[in-house]
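What follows is a pair of complexes built around chain A, which joins chain B in one and chain C in the other.
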Partner chain A sequence: MRPQRKFVLALALVLVSVPALSARAQGEAVPRGPTFGARALQALIDGIQFGVIIAITSVGLSLIFGTIHLINFAHGEFVTIGATFAFYLNAAAAGPGWHLIPAAVAAVAFGALLGGAVERGLWRPLRARGTGLINMFIVTIGLSLLLRHLVLVLYGTRPASFAQYDIQSTIGLGPASITPRDLTVTLLAVLVLLGIAMLLQKTRIGTAVRAVSANRDLAEATGIDVQRVVLFVWMLGGGLAALGGVFFGLVEIVTWDMGFKLLLLMFAGVILGGLGSAYGAMAGSLVIGVVAQMSTLWFPVDLQYAWALLVLIVVLLVRPQGILGQAERVG
Partner chain B sequence: MDFSVILSDALRSGIGPIAAVYALAAMGLNLHFGYTGLLNFGQVGFMLVGGYGLAITVSTYDGPMWLGVLAGVACAIVLALLLGLPTLRLRADYLAITTIAAGETLRLFYRSSWAEPVTGGVFGLQRFAKDFYDLSPIERGTYGVWLVRFSSRDLWVMIVGWSLVVVAAVLLALLIHSPWGRVIRSVREDEVAARSLGKNVYAYKMQSLVLGGVIGAVAGMLQAIQVQSVNPDNFDPGVTFFLYTLLVLGGAGRILGPVVGSILFWFVLSFLDSALRQAIDAEYISPDLISTSEVGAVRFALVGVALILLVAFRPQGILGSRKEMLLSDR
Partner chain C sequence: MSADEQEQEPVLAADDIVAGYVPGVDVLRGCSIEVRPGEVVGVIGPNGAGKSTLVKAVFGLLRVRGGTVHLRGEEVTNRPAHELVRRGVGYVPQLQNVFPALTVEENLRMGVYLRPKAYARRATAVEELFPLLADRRGQKAGAMSGGERQMLAMARALMMEPQLLLLDEPSAGLSPLHQDHVFDRCRMINSAGVAVLMVEQNARRCLQICDRGYVLDQGRNAHTGTGTALLHDEKVIELYLGTLARVR
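And now, the complex of A and B:
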């Protein structure tokens, strides 16, 4: 085991360092604008912003795994649907042309309803039929294909932005800068994450969610309505994914496959933090976001997601239970 | 609507070169998923390294084709070892996430500007299939019976492709019915039981991953040769999802499952595609509802529905046995 791990780690190091050297060789010829420190600070800020958005979307994914041990492959589509639904209400030619804020609220409500609907209409009947977890996992892939391409038919392939807060001048933060929009999104996202933490720690339903995650049978025996908790988790996950989609669409752009691209980063964040732990998902996603953005300091931008995914593989090598997960034998 | 065109499209696709490619790739996946119980969602990664191994050797470095084939196979073996070392000891869902992440990471690396001198980046590579077509004994022209006609090039790819499918099927059938195959299936049924009988479960899983991956890589080479180019975007995770759909359709854990699944899958898919296009052209379906450019998306959505219904109602597919496919929480 040990020598094998060392071998793979060494290989990963080689993979990382070779492009780093070649990138440095190329970088010398390019005239640089801001200093490295300024660019690093900027990348860190971008990374935190990216990380908290991934965190919002991945908390639901992790909670769903925690309660019913299902890896929801269709979670990325909830993100896309949230963003495109808000886009429809906000900026689409055929839509009602609402302001972004009510549109975002409606999108979150729609995401929660969608999450609840797939739980009631799909997962609960499948669980009642005794479908195995692996089979249900493949069903989530089918659902993901279905939803993603429904969005493609309804929304089209053209990337678009929301009607409000599109172009803004930046405000300086020392050597780095951020637009008021991005700053607001980041702060809102952090507030939402704190809100989820409060919800899980202080409320009855939050306690129930944690109880079901810790031990489903024991929770059921104590009189917790597990079905209701699972429904709540799906609605929470759907709503948060939709919110994350709106945020991502706001700071980047709305596309029909944005959720699927984010999905792998969410997985990376969730595994990095420890599957099933909401706080782990938050911490892991933040790391993934920062890694993705900081990597652009040394490597081409088109590889930024690849580094985040490599982090996932390295984490599985050295600490498969994740940062906050409990060590257990998982195989 | 012209039904002979629809039928011709569907038949051509059902026995065509792409069906052979998918049948072969799904046979590798069948060894992973159907026989060993490994949830490999990165089969497309093996196809990618296979196709690129061939293309890079021939196109970028002007090597001979046989060396390219060897390079592709070697890449697949290395990839399987790299993937297997960290994940095969973990639970099945970890393997699923890691393999899909690895497949996507590979695609991103191959299409990045940094790798462009070798892999051609987003443009991919062309002009590496000449040696293969030079081997063809078939005269130029089109061949076929009734509604089904193929060009001489497609026919040559089909002959090689389906021959490879037959070879792989015979090989896998022999393997599965050998003592090695019995251990592999016991790993799927009950890993702990296999381990307590003194079998090195990890090593068996790794052998299965490598072998299935190599079969996937050969399928990737065949695909690269058939379309006469490799492009990173031909190897997106959607390919793996197609493979799973046709594998479940045909019956996982059966030698002929992927073959039947692939033929039927491509037949139905092309039938729907062609019928939808014709219905839109003839305005049976309003172009406002679905335009011709959206037929591809509708097709994917239908694959999703098919996958959901199949796994929910008939997880054993056409050929499989239900008892074997009741995979629970592993």
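And now, the complex of A and C:
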């Protein structure tokens, strides 16, 4: 990897770790179950659920990095905006009071449009002017701040829940349990991940995304309109981040900085899986989610993000290219 | 060549091209090149002369700072490469010429990205030219040897039925047998009516099969002539072919 990219990566990790680690974690401590085994199973279930939601948000981050080598520091804000936009449509006093399902669909569409808009209005012109990666990264930090505070002004600091599916009784799963809402969210998230895999593997645009990630110039030389593919990736990433935000708001709660706090885990998942590999981001996020939840079996819940970061560091020491990443080819 | 053919509009005309990678440093300093219909044109020159740079600039992968590029009379200077592909230009880069993580079939499909419906028909046609690809459709391109990748890269570039094929050192790093194979294919492709612009290290071989050749040196045209004329030019022999060439 080029030193410039490494530098940006290190900077991104530091920047995102400090606030995330000092903040209170968003997950819940696993309730004191009857036996350790039951609690472990519960933590595993919660971890998988948490992991697949992180995966949905981090796939876009990974694809954006894969195609234009930009670390989108503002990706967490796409998550927040998805959740708060859905909240506005669904449960805000001033909103139209839609049911959550159409509100979620609209939020995903809005996220995709937002992703497309920043690509067309910001990143494409900057790339055309030959702006360096470090400068672009700093612009993403600025964009993140801007969007976050825009949400703060429009949404406020009060955590809130959606109007539907809020309180539910649980279904037993052996010694553990899950609410129908959480089960549905988890299954939907898994379906979405499978859908993304199919898209990347089987469709023309998906293959083009992989081609652009592999070699941008060659893709262009082959006849692929690389700018269009990059636009597609931003829209896909924006839409998925918004969907992840709605899911996260459903199983936890909607707050103005939820996405920013999640960003550390998204980064961890992406890096853990091997930068730029979409499947790696999925696998890495799942690991991060499970580790974060399982750690609460032994340690205070406020430390769960720190454990995720620790796993990341350990894995990178052992396997610098990430779980599914290919070692950089020499020659 | 008949006078009639010479009258024809060139497939590719690049005039006075100035281009470079780093701001303020021009690698090409006024380079001109022309390819007429049905021709095989060779570009030779020492390492670092700017041969690859010229091809990239012509093809829209590198910004042209001065000069113009015309395709069959239409100006295409600084148009994006995918647009040139649509206008019938194929390009095989010197290095990294396939998508390693994609299968052979996916590589070929990307070659016809702009016209996906033509895939089946074109795949059959290029597999006739490169039979080894037919048995390897499902294999990852990254698992192929250098020679096989070269075949795949040429096949991919031919998927859109180009009228002009740009080849950057197609024989580099190949065994003599594979080099023969590549030059053979170039001839076959050319005899089907495709004009070929070929950059080659293997200058002698290249000039032998070329209609015309250009010798590039330090970003400028140094010599131009028919393949045979360049092959016997004392200066060209001295500077670029090596004195061993005289032995023949």
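As a convention for this text, the second predicted complex is superposed on the first by the 295 of 331 C-alpha atoms of A that agree within 3 Å, B and C clash if a C-alpha of one lies under 4 Å from a C-alpha of the other, contacts with A are read in each partner's own complex, and residues count from 1 in each chain.
Following the convention adopted for this analysis, a residue touches a chain if its C-beta (ideal position, glycine included) is under 8 Å from a C-beta of that chain, and two chains touch if they have at least 3 such contacts.
The shown structure was predicted, so the numbers you read here are calculated from the model rather than taken from an experiment.
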Exercise. Should A:Leu173 be classified as contacting the first partner (chain B), the second (chain C), both, or neither?
Worked result: neither
For this session: Figure out whether A:Leu187 sits in contact with chain B (first) or chain C (second), or with both, or with neither.
Result: neither
For this session: Would you check which partner chain A:Thr207 touches, where first means chain B only, second means chain C only, and both and neither mean what they say?
Result: second
Problem set entry | First, second, both or neither for A:Met198, with chain B first and chain C second | neither
Exercise. When the two structures are laid over each other on chain A, which of chain B and chain C touches more residues of chain A?
Worked result: B
For this session: Return first, second, both or neither, reflecting whether A:Leu317 touches chain B, chain C, both chains, or no partner chain.
Result: first
For this session: May I ask you to decide whether A:Leu218 touches chain B, chain C, both, or neither, giving the answer as first, second, both or neither?
Result: second
Problem set entry | Partner chain in contact with A:Leu150 - chain B first, chain C second, else both or neither | first
For this session: State which residues of chain A lie in both footprints, the one left by chain B and the one left by chain C.
Result: none
Exercise. What part of chain B is in contact with chain A in the complex they form?
Worked result: 39, 82, 85-94, 96-98, 100-102, 104-105, 108-109, 111-114, 238, 241, 244-245, 248, 290, 294, 297-298, 300-301, 303-308, 311-312, 315, 326-330
Exercise. Which residues, counting only chain A, touch chain C once they are in their complex?
Worked result: 204, 207-208, 210-211, 214-215, 217-227
Problem set entry | Complex interface listing, chain C residues touching chain A | 59, 61, 80-82, 85-86, 91, 93, 96-102, 106, 109-114, 116, 156-157, 160
Seminar exercise, completed: Listed in rising order, the residues of chain A that touch chain B in the complex are 4-5, 7-8, 11, 19, 22-23, 69, 71, 122, 126, 129, 131-139, 141-150, 152-153, 264, 267-268, 271, 275, 299-300, 302-303, 305-306, 309-310, 312-313, 316-317, 320, 330-331
